[in-house]
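One structure, pasted below without further comment.
Note that the chains take the letters A, B, C and D in the order they are written out, and that residue 1 is the start of every chain.
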């Protein structure tokens, strides 16, 4: 039984069958990549995990519970954190404040009217957030305005914000999209580091084969809304079906 | 039945004014992304173009009539408009009588100019500023414009009649088999409705069938991409602002005979037209027009006696009530696009 | 101290000191001098500064922190006033029950309106709140006259029951509003040289409450709750994917700011026991928006400054008439005097609206951050002069997030 | 108070009343230092002119202000003296009031009860005004009257026509010179019956707020008493600008008279709309359809242009009256400003003179003394014939004018012609008439 069990998920948008009959199982403590050419339905699938979309058919079970029909914040409270294709951070706040928000969410749940406490006085959480910033090498930028940082730093911050919640499952939506090669390599290193430091399950949607093969322990190949194969990176590399699916693709 | 026909006509008439103002608001919002709180003031300036035209035509010289006395007991000064002495009393009188239609010609260049100056002088600097700032600065401008008008024209309404040819009303009822004089409608109000229909049609045709319009529509949909194509969209948007001002101004000129213009008529319409725009859906031109007519008609129905007997005070709140219901059932109004002004 | 950081404590004490000294600060010109027209140190206006300060502080909790622009906040102010006056009519002229009821009723009202309106965001939210407030105003003016006394406004009369208090005062009139015997209208007048300072009980009552309100909002700004509200303003998507439900946060902010408005309304009625329907009109809602933007959205001091600014112009400039102008400019030669007065007339007396319109535009054009930004710029200039040649230019430091208290 | 110097001075000032030898600062209510609120101490006395300067009634407010300035001039012995020369009471000497020069402050009511009270409060608290006057709507008049009662100053109402001002909301410190809705009805109904017959069917459109309701009630009662039938009474929102949807239903009834209980912009628009829909040319059962506007104001009538021609209504006063009081007033106002005064100007001018005269006769500015002098005061020569300020409700009783929109005006001011001057006796009612009950004057308050 995997941490995330996807059974028979299908989704139509009008006349377009975005997802056919997707079955997928993400095992605990593995890095699972979902790859496929443009329009294969990767993002649609991811949106079904986090509550943004509800599939027409099938089930998505996380840790033995269905996530379908739940809102994004409920699913996050179950233990799934998500990193977006373009970093979603709180631009008007500084780095430390960005970090405190997931800390509060983790401790206090989806809503608490803590109007008469002071952020600075939450020593445990401040310490936790600072430790996380140290881990991702951003501690010297803690007072910086988040919007004024480079894209790479924003990505780093977003990941830190997700990781500080100790998620059971971390979903990454093309974490290196639009990045220069150097930045991509930094991100790969960061993710590897994270993987080494803590027990975490990751599901990555990715386009870039370099990233996939550097990180993934298992790979699902998606084409036209249905999974072609699921296997280890080594086996996927030489798989004829995969090559066929990617024929003519730039990657 | 006759009552309902009449209220539909009333509604179309009120709706014409709402729709014309809302159309201009939406043009400005859709193209420039600016929330223009001074739009009501443009409508008001339009109406005062009619007043000014009337004033110009009735510029008079004074002669003393010794047979009559004024309120102080002095000999009465009789005013004779210059046009009457130039063209003869009858011709002159009929020229004055046609002040409002003449004001249409007079108002178009004025409104275009007002729009151009407003856009280049002020609005331009607010494209990238938050909507709250745009609201504040245009609201300030609206106050300034209305106070200036108040200073020179006073606070009282100023009667600005329609030409005699359009006075009186048309008896619809007899065409439809009702008793005479039960279903009648004033000519000028019918003119107003027709005029609104023509203007709305013209604006849509302009946007639909001219290259200029196509570029603007594309700009409304995706400003950056159009900008990337190397098209000078800003210049076209300036023209669009002038156009929107002209639409509001024409709506005002034609409205003058329906209700005597006063300096705060713009503010009276402003809030309602915002409700109309939002109910129609931000940025949607057909939505604005549709919502304008819909709310006008509903408002008219709500003022019918038997409805007021059932729900007292319904005519006071109907527009807001409908707005709430529509916004709760259709999140982005009748025809709004996703993501516009939602943050 | 008081759960505040050092900087905030200092800030709070400055505010307390300024509030306490208001009767002196607002009376800079001697009585009878030509400039005494500009003095604002009389009870009614000082009370209004404090009360509208509270209103704007509350509004800023919603608009400044979450970015939700309510265009119907005056409705809560009006509801607060009506509740308070009803308490004066039924219970007693003690202001306490009135103010408490005002806060409770406006809170409930805000809960209902907020629950519905917060289903939408952006301008759709603004229009929903506007619609609710306009409905309240229109009905209060007409159909609800039995409750609101319509056009005239709800007043206390000699026939009211006032079961816990005096029905008629000893002098045969309606008893004055009081706080356990301390009459709101009572003042201590102290003449100093040519000046006369008025220390009014009602003002200090409002001032104490305003300081409490300010302190509370300072705590909210610094609290995790306040942080969440600011997060809502910048990125609701991220907030939802971080496991936080934005709806109860925005609703709580809406209700809290509605209660602030109700408190302001209750105080307004306590200082002057009348509740007029115009308090709920869209122009009144717009006024608090203007106050907040004019002062500086999301800053602590901004809304208070904005409230003071607008109320000052409304009450002082509208009272300057031609006679006063003649007094001022009588030293000029005749022709010039005539011209100066002709120009000035546009802006004072019946032209005070024009002045406020021009000032709104000037502030937004030249001070996008409101009056607070103006203050900061002046402060910076002074600082720069001091540290001239120091080379310690602020711009060479990494950009820091602006501190919300500034 | 750490500065003992400040404290000492405070005591010195209040010492006269608080008693010598009190070492602590005395907390006193706004006015107890003096015998009454804002007792004039120096050589001048300040009056507060609180009129609408912004909003739809701003022009009316401006005219009120002109009249106030003229009255102040006359009181101080400048100008030609105006109606002071024709006023039956000769207490005023042209040397100010009680020898004190008259000064004034102005404020903006914005035609909102809140703003009006704020403005009046600032006059009382900041400028030391001993009397407040003005206003152009009943809501404002009642609100400010209540304030003046609480603060202990006299309120001389400006333009306010609602029965409530001297009915259920009457106050001991408040006085009204203007006529009211009941009087409009009582004056108008006989003229209507005489001209249009006693078997008419009336349809009322009424502004949906307190003034509108009292006027509708008054007109309905007085016309029904003469045999008219009321077909319907419809309330219209204050904010309405286009009245078409309220006018068209009239077409479907058998009503042959339309009564517009509207004022200001509402009146202009509803009348304009009614004429647009051809109601003036309409025939019902062989008789001309008629429109009636019970409360006419020349300033507002101007906004309706030609539409007012031939329409009957009532008004408090009109410049074309020929008595010597009116002529003196019109002459001095017209000479100064170049156009004739409005009824609002006339009322505010009269109120100022009446107040000053009452102070002279009472020998004090104390509101209680002034009130006593005004109560039951009978006078003449102020343009409305013999007039009484009734003690029971502080309402003036005088002749009421029934007017009609003039067919051939000679100037832009010559819009109304007087049809009949209804004698005061005909419009007088009992103080406990049901339309006026529900309130009490209370005791005069001197602060």
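In this text, a residue touches a chain if its C-beta (ideal position, glycine included) is under 8 Å from a C-beta of that chain, and two chains touch if they have at least 3 such contacts.
If you're wondering where the values come from, they're calculated on a predicted model, not measured in any experiment.
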Central chain (distance from its CA mean to the mean of all protein CA atoms): C
Separation of mean Cα positions, chain D and chain A [Å, integer]: 74
Chain B and chain C: spacing of chain centres that average the CA atoms, whole Å: 35
Rounded Å distance, chain C centre to chain D centre (Cα mean): 33
Touching two or more other chains - residues of chain D: 58, 62, 208, 235, 237, 239
Shared interface positions of chain A, touching two or more other chains: none
Sequence positions of chain C contacting 2 or more other chains: 138, 141-143, 353
Interchain contacts (touch definition) - all pairs: A-C, B-C, B-D, C-D
Chain C partner contacts - residues on chain B that touch it in the complex: 35, 122, 125, 129, 131-133, 135-137, 139-144, 146-148, 151, 271, 274-275, 278-279, 282, 312-313, 316-317, 320-321, 323-324, 327-328, 331-333, 341-343
Residues of chain C that touch chain A when the two form their complex: 3-5, 219-220, 222-228, 230-231, 233-235, 237-245, 248-249, 252, 256, 398-401
List of chain C residues in touch with chain B within their complex: 67, 69, 116, 119-124, 127-128, 130-132, 134-135, 138-139, 141-143, 236, 282, 286, 289-290, 293-294, 297, 346, 351, 353-354, 356-361, 364-365, 368
In the complex with chain D, residue positions of chain B that touch it: 2-3, 6-7, 10-11, 13-14, 17, 68, 70-73, 76, 150, 154-161, 168-169, 181-186, 188-189, 258-260, 262, 264-265, 268-269, 299-300, 303-305, 308, 313, 315-316
Footprint of chain D on chain C - complex, ascending: 39, 42-45, 48, 138, 141-143, 145, 149-153, 155, 157-159, 168, 171-174, 176, 183, 185-192, 198, 201, 272-274, 276, 278-279, 314-315, 318-319, 321, 323, 349-350, 352-353
